[in-house]
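Sharing a structure below in structure tokens format, with a few things to ask.
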């Protein structure tokens, strides 16, 4: 089933065209990688989907509903969870409370104790069980990223947007993270759209990859197809015609 | 001239630079290459005094500069074209250029330098009284380079020189840059590996905060493993 | 018709000094992202000092003005150094600090200068028959010309001199300016002092007409805030136009609605502008 | 709530209960004013301390509360109890409107808009003297029955206890969690589904209504309401009390309000300068102990253990 | 402290020491010192020394109410005197009456203060009706003014006196117009423009405080005063404050004001003594007559206490009702018939004075006039 649909999405900041006519689809159950050079507009695309930024033109549809003009919190309750490239924990609140904030919305009908249990469960899933009372601001970056993940999962998402969750990890940790994401995806029946510049990870885990460059979707396909696409190679290695002088 | 020695740098708990060393000699053109998030911009920010380093040393003409504020580093003769160009959008092109010559030693030779810069980038001459924010991306990049030139630096650092620019423009800018390097040493950060290697003498390749390769640009250009490394396959 | 002309004239005259004062707020907001709640207190300080220097020290009008401005500048620098600098980057904190500062200073004035209005001697006396239609105080006309002149000088300095260029550059992008060799802390320091001087200049120009009492400062600050929001917080031109608009609206309001509501019009405009166009008439940037 | 905390709150409450029998009539007046400021500061803390919005309209809402009820009592003979209720409703509606206008923008814009609103309220009260009696002050009846300070004290105390307990439960509820989330990071809060504007608006309306309650009770105790209640001077006191006590803590505003009120009795000898002394104390706290008395003591205790 | 309390009898004074009318506080302070000197030299009251506690009202009714309450409940004063703002006084009399402590008002003019017929409230000072009907209207008629503009501040006093003046003018068939203004407003051009269009030959300014200075200066700038109209300032002291000439400059020439004191007019022997004592103590002649007003009420209070022979409030009230005392402004006798503002009221004789080349010239009542009214 078609879960997310982007139709000619455009967004510019002053003169910068961060997104230009981006049209793409994500099927339910897929894990889709989003790559592209720095400043390509990947994060902006996430922000548009999540409603943090409103696009200038185009349409975003989620599960058949037009959510282009929805406010962020409503989009979240519809089932889109996300993490942030630059982590944004609720710094003065404990890890448990961070997750409880999300549960207070997504699990309104449940009792307080049930919610606390669920929050503890989620923290355990991402490996933060020991730190549930630690203020989120005191965590190290990796733990903050874990917390982001737990918090996003607590919104009961159908679609999870992950923005560079692996960035900054060493190769051992990357391996662990990949395993975690894979596990979550199965346990929670998630559809995932993720941005990553650790190619190893993205190639290994994604069903499909979208490539953005200067705001335009220049390629999409399986990891295999994408890695052999001329435009993609050019976007990374440069246009050889420019270097001829 | 510039010596970066075993620099470590954290942002929060995240280790961004893990012992980087590099050198820029007089009159050299050096490239720093690497994928997204490798730490190139952070390195430049560290050199310019915008980010504090945790350990290591940064020397410029033998003087330690790693604990100086940016404006003192600029005063020593390092100019920088930062990522995203950062022209003063609400000011005219002319005022932007003049701001480049803020430092006293540059202000004395302002006429001379401005002529020089305008002869390198003739297009700016036509835009002198236009608001910088209304320039196209390429023009803004030229303005940013021109502005940096206005301070008559000994070392010019450019982050993401070709980012967001049309190939023709990139070509044009590199042509100018190569003329520049007669008086100025250059440290250029690029993702566009091929272009960078074609236009520099020596290159360092960064990966997750460390230098993984270094060598003469021409040698690296010929190395097939480089291309591969960059698509991560 | 004659009435309207009088109200317009008075609006423009008053509006010009509003603009002068508001330029100081615009400068400090633009460069430092600080809303100085005590802005009007510098107006009051200049008023008191010029009156004191003229009467107690028997200085002439102009020497006492020059000395007052100098003092205001130094007081501004001291305030920046010890109270504002620790708040950099936290605009709510600076707002709270300057709000408390306003209360302190207002009460200090009461303590030092007493509750009585004080004014420096008029620069000129008498009045003019304007356009052959109505009489208008000479001091007001002279004050208007002075304020207009000061505004022009300020705008010229801002756009044509190194100092102005640097101030604008820091206001647009502090980090970039520092990469070009500008010490932004020093520019903050200086800009705050200059902002205070602008408030002081308005005080100097207006106190011969409206003597100062310890409590007028907050009204001046509020007027200046209304003006910068109206014009756009990051626009100096906006402050000038905003000042004129406010002056005219207030005068028409007083004339045709009620004098008691004089200051209400400004706030109604403030709220409307914030609602309809948060960046103000000439502003681009929204502050967060 | 931690046991030690609960115990200290209970002790404070019991002391408060017997206090009227221990102090002179005159001190009783100070205590009642103190309780009024506890209400004001605690409710202002709800927006400033817990959702990070510096509103300058708090005193204005207190003014709306007391003038609404006062005018209803004077012109239509409506008993203060219903008048205060009407005042609260009016304040809620007005804060809803004002909040809807400016809360989206937040930050400095909220501060400036509320400042403007507060001046508008003051100017209207001062100018519509035919209804409000302007600076002359409106004479209003006592809360109910015959004038008695003891009655006033207990009514105020009851209001304070109710409000504090209410605030405590709000803070412990989902809403409180969301307040803090919004204060920490709006965008992150929105992305987990917290309706940011709604949450801030709720805090704003709650605080506005509570201010109206405080103002109404206080006005009918004073028997005379003047534009001094909705003035920036009152606003300053509320802000100073919260800052000195400690923003973002339950006890902070209570401690701050009582501390300043009692301090004000001792610095009365400075006559016209007592505001100056207040302001200097507030400045010292804001500048050197931004976490306030409560935060400062908390840190001290933490350091010792 | 309790030791001292037994040694003295305490009287409270209420008045503005801060805010826009702080000058009154200063005048009160001077008058209090002189009165204490005089009373204590003559043996004090009830055999003890008299002590005065002066509490600030800041001119704000709410503060005034709590100030008088503090004096009575905390400082345990036996009487309260003073006040110069009607709004504040109207708040204070309720407290005084509720707590049953005699209160003699010196300078709050609103009729309602005594019209309420409170048992414990007296006024030994001007009231609006007395001033308007007894002096201002007579002055207008006698000097043949034809068109009057009234400018009143929006306070109890301003609005009250404006209404009385309107009534009187209407009855006398004199055309008038009235404007209400804010006490604190500074720019009066728009209002003055309206007045100018009306074209009066007299402006009655019922604005207390510095506002009236600005008004006069600006009226001169726009060519009304004294070119086409004279101005009569209805509250007195602001025209006597040192800041007056600094602010209005030459525009103050020919300005008229209501006063209770003039060096050349001495109603009683006490007036002379006051003047001498004042000069001796403060090394300058008295200017603000409110120093003398407070002096007088303190004498009245001391006299009543001595005659009552105790600090019992009801006895004091009785003694006050039987007052027959010569003070600086005349012989005090309080009215005792209930029903009107004249109850517990004593209206002192007033003067209308004109500034002529910076000299005070009494122009009304004509029997005590020291010179002629100058219109140009």
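Going by the order they are written in, the chains are A, B, C, D and E; count residues from 1 in each one.
The rule we apply is simple: contacts are C-beta pairs under 8 Å (C-beta built on N, C-alpha and C of every residue); 3 or more make two chains touch, one makes a residue touch a chain.
Quick caveat, the model's predicted, so the values are computed rather than measured.
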| item | value |
| --- | --- |
| Any chain that touches chain E and chain B | C |
| Chain whose mean Cα position lies farthest from chain C | A |
| Innermost chain, where centres are averages of C-alpha coordinates | C |
| Cα-centroid distance, chain A relative to chain E, in whole angstrom | 77 |
| Distance from the mean Cα position of chain E to that of chain C, given in whole angstrom | 38 |
| Separation of mean Cα positions, chain B and chain A [Å, integer] | 31 |
| Where chain C touches two or more other chains, by residue | 110, 260 |
| In chain D, residues with contacts to at least two other chains | 126-127, 272 |
| Where chain A touches two or more other chains at once, by residue number | none |
| Chain D partner contacts - residues on chain E that touch it in the complex | 17-18, 22, 56, 58, 60-63, 65-66, 69-70, 73-74, 86-87, 90-91, 94, 98, 154-156, 159, 182-183 |
| Complex contacts: residues of chain D adjacent to chain E | 24-26, 29, 126-127, 129, 134-137, 139, 147, 222-226, 228-229, 271-272 |
| Residue ranges of chain C touching chain D (in the complex, touch as defined) | 35, 83, 86, 91-93, 95-97, 99-101, 103-104, 107-108, 110-111, 218, 222, 225-226, 229, 258, 260-261, 263-264, 266-268, 270-271, 274-275, 278, 286-288 |
| Interfacial residue positions of chain C with respect to chain B in the complex | 162, 165-166, 168-169, 172-173, 175-184, 284 |
| Of all residues in chain D, those that touch chain A in their complex | 174, 177-178, 180-181, 184-185, 187-197 |
